[in-house]
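Across the two complexes that follow, chain A remains constant while its partner is chain B and subsequently chain C.
Here is the complex of A and B:
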């Protein structure tokens, strides 16, 4: 009979997980910079900047940009660009303007059509990218421009006001803790995207496809299906952003929503330097939008001219990404 | 003796005060400016009558608007085309989508197709087309601008005639309106776009009129380039309202800016307390007046503007002096008369049609 002596101590010593300060510093650098901005403007304008009214205004007013950014990070995660996002947003809000405000449709069928338009645009993007094997940059640019033409056509180049006040109330007027509900919708969407990407098989597949399409294919992932779904979901979320945009302004304008494309990409790339550095992530995108808007709000309240906002916006983006690269010893960036 | 001296001093002071312009009764002055624009427009001839049909026989005019994706330009061009049709000369609109290469093509087309006049319309700055316009001029074309310059501005030297707009008058009217509606205590946020040529005198006229009416009143100017209206106006207005909660009036100089001002008021909880008044008479903003989101919008009939623009082009072609300004009256739309603008509102209803009869007579068509 053999006796097996079990040591009380494990053969391999258990290493308590160490906090990698450099890594953690990188993860939360943007959050720190955001807090620093708040403190700086708070010292300069304690009464106006630090008021809850100011914060609730900042949170509420950027919800559309947050949702659009969340939409475009889905295909960015799978390695594709969706440059038609802002066009989808504008089409969705214009459909609400045309159907609800101009033609008198009820809100429910109008919203279904508006959201469906996003699904259709996403599906068209997916078809051309995947069937014809064309780069997403080209297809989504072309489809976006085509959609812009459709928007001008259906709107007769007119801005349409008079969108149902019920939508306006559920987006911007009704509040929780003094903050318009649009902010909470955006936050909820960010939480859902974060959960899906981190904890579901579908989300992990999306990440794998973004990291390496060939490797994913060899591992049995249906890469085309994953990419198609990412385009369709992106279209749907952009259309949702359009619903919020119509609710925010109470009107639909054939051009102005298109201006949100670059800020959304800026926020997506800035967001990829925080929380999960090197990866497009939902809460990183949310934080980057609010970091940028905090700076712009503070500068405007101090009376800075419009061009200073551009200096801040562009400068903050480049400097944040550059600092993040320094921390990472200037490794080549591979966003996915 | 002391009594006489005191009385004389008092009388002299009163005389001096009365002699100062604007110091008499600012409220009456402001109300007079407002009242002038509350009545239905009447036609006043912009110059001497002439036989337009005879003078324009066989003539061809090509107009390049800044962009035909802007409803304002579409309606202005419709008005111009209708006026040209009545007179009976060839009028062509060069359709484009805010692209420099398309504008250049338009000028080339006018030269190669042997047009007699080239009109640069609806906000397009002729300086952008300097070399092309010089070429057109060398080829014998007359060049005009429509609805670009303020009456106080000098035209570009490459242009022959300009149908200038009374933006400064609209600015004075906006300032007077804010002064009257706040009971003489305006704290105003003006939103301008310095990249649009007439914006600078427009904003200056609001600022100087407010200063004249109420030297101690506060005013602030938010300058947002056109391409950034969608992303900068709302946060700019929000920040201004949060930094100074006593702001009680917002004056976006172009009414399409209002769609980004209203959400800022809603988010900051200022809707109702802070009012909006603007200029242009764009239909969706007139709808916003009807729905009580905007208090007042100064409108100009674009059908009328089209006829007035063609009138000035024909004066250029016929060797008559240029009209001092585009013959378009400014009309106030507020809750009292907004329904006359149509439901939904459009660019032409509510102004009457005095211009049709007036111009026909002026051009000796009847």
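Here is the complex of A and C:
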């Protein structure tokens, strides 16, 4: 440098980011909407809706959906869809039904097999997506349907009841503050996922892989390994949700768990509009699940028909994605 | 103004932020001529073509007159096509997995029925169109099955068909614009391509061809406009102008603002690479000294651009690289392994390959040093923000707010962040691909200064670029590539912008002759 000298810049003090009201409003808009919903139904049905009993039932019974949602946000963060989540959940609960209730296995080996089924399904997804370079939507849709077939096969299309009472006790009967333990398991898992995504190197890598595969590759991240692990972890968590599902109902039926797929995606995308807007995040997912469930429970108690569920979950998914697009200023989404 | 001019561009001015890309360019194209547009990278050729194609909105006072009619600006892409101006861009705009006939028909303007496509008849017509130019290309072959020159033929014939279908086409007129169609073609195929261009001109259409290559200009064009730094330097009659005269017009002479203090001493080699093959051609060796900045350059397509990626394990390559005591096989090198060896790569595509626009400066800048920020309770997020703030100060990133998404910064500031990201790791070898593309003047000098500091600390730097001004400012030594391997070396005082350009053009024609 001969003519242009670098002028020594005076050190500017670190400007502490001011609290941005608009941003904070955006972060907690969903929480506000949830409270509004509770107040509305509370005014309409002060006795039945506003009872602790109602809320504790809601918190407990929807823990399965929370866990499933937490499972799918991991591949969503790394840029992949896992549509086989609900099938994995049902498979895991059906394995508990078949092995524990029908064949009389002990609880511990049954749970190990059930969770292992999630690992296997996740690994199969990862293999087809990464080895053959197929879009995750197609692979997980196919694998999920294949697993649905397996479930009907091993269960002979029957609901199997009589799951070990100790599992049922530890999931739904034992309570803390009147809320079934399942709720606290879900919260604990949410905390773990939040910690991993925000405060570990693995979580940073997951986020970078989801935002830019080429950038991640050129920064020395093993993109395929990150994506494979995210599929496997997603399978494992979905299988865990299946364990809770079996414990919740004390039985395993081959179909009802499959209905949780859409609510889980609705909650995941709605969750990405809150707490950390623009990112799939664990506590956003938890709040979204309970927001959606509160709406449905309230409407059902008001006497609405069963179709309200579909209206609510389907509508919420589309509106949630539309809202998250507004957050991103309507740039095209890249789910590659 | 000649009477048979079909297109006048008057006083075209184009500005990107503070950068004046076109400073009032005026020229006109005559009926039935091949008109060349020549200049170095960044001279404004592509910008001018993009104004004509309707991608850019020129400033007030610019005027485009097509067939005697003044057009509203910015030009409407569909309108200009209907009036008979067709473009073949460098990437050709073909979809590799579809057949020739599908690619030919995707832009056809004809009045075919929207309800039914008779593919056999379309294929027959396409085959006839090819036959009219003496080409035999199977209409049902996919583009991927064709050779590179055949793909170029398909794109050019398609554009020519658009001309014939346009309003101007009825009189046999039209303007076909070819934007650098030849860099990836061998000399033999360039001749065939020019044969096609000549037969198009005989129909009465005009052809504008944008190129780097003086020999091509002399071969095919009637007149050539030379641009330099956004200004039209001269319009030359190619048949009566000598090669050297064209070259001198391209390079010009300019006042140099900056010069690097180049030490004469030869430092020990920090990195040596043996038998490297990157993107075809024959193997070659190269060495970079400790604290040395080596530039690699050449014309587009000459193979220098893939070298940084090859040495980082991010592109297919073969050969051995020795760094200090460690020796690695380039065929097996991965980016993670390269990083562990102390190699850093700053790709040219800032938000597509180097950093993530939707994530914060802090997230981007700390990515390679995350293990240093691990605390007892996981990553120390406030510490990461402090570190990002500190680096922002060091490299004068503005605004100095590490929480902002990277994409919200200007190009120059994005590049400062991405460079700071790698410089904090104190790499042994820093690989750069066009480090100051689209970066404003002030930020460029700051980036050069930062690179200079790193070099003084012993980092070996390899910079792939076609920006000769930049190469002149930062490099100790320059290798000029042609046909996939280095063919000329400039060092010390030999490094001037003019010498680099001359070496690029000469080496290209020499290797072409040697090949023949």
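We adopt the following convention: the second predicted complex is superposed on the first by the 291 of 336 C-alpha atoms of A that agree within 3 Å, B and C clash if a C-alpha of one lies under 4 Å from a C-alpha of the other, contacts with A are read in each partner's own complex, and residues count from 1 in each chain.
Criterion: contacts are C-beta pairs under 8 Å (C-beta built on N, C-alpha and C of every residue); 3 or more make two chains touch, one makes a residue touch a chain.
Remember, it's a predicted structure, so these values are computed and weren't measured experimentally.
By the touch criterion defined above, A:108 lies against neither chain B nor chain C after alignment on the C-alpha atoms of chain A.
Of the two partner chains placed by the overlay, only chain C lies in contact with A:208; chain B stays clear of it. Between chain B and chain C, the partner in contact with more residues of chain A is B. Once the two complexes are overlaid on the shared chain, A:250 sits against chain B while remaining clear of chain C. Within the superposed three-chain model, A:305 lies in touch with chain B and out of touch with chain C [touch as defined at top]. Legend: residue contacts after superposition of the two complexes on their common chain; A:156 is shown touching chain B, with no touch to chain C.
Contacts of A:21 after superposition on the shared chain: neither chain B nor chain C is touched. In the superposition on chain A, A:195 makes contact with chain C only, while chain B stays out of contact range. Listed in rising order, the residues of chain A touching chain B in the complex are 45, 48-49, 51, 53-54, 56-58, 60-61, 102, 152, 156-162, 168, 172-173, 180, 248-251, 253-260, 263, 293, 296-297, 300-301, 303, 305-306, 309. Chain A makes touch with chain C in their complex at residues 1-4, 6, 9, 11-12, 14-15, 17, 195, 198-201, 204, 207-208, 211-212, 214-215, 217-222, 278, 328. Contact residues of chain C toward chain A in the complex are 257-261, 312, 314, 334-336, 338-340, 345, 347, 349, 352-356, 358-359, 363, 367-368, 370-371, 374, 377-379, 381, 386, 389, 393, 396, 400-401, 403, 445-446, 448-449, 452. Taken in their complex, chain B has these residues touching chain A: 68-71, 74, 222-225, 227-232, 234-236, 238-240, 242-243, 256, 259-260, 262-264, 266-269, 282-285, 287-288, 291, 293, 344.
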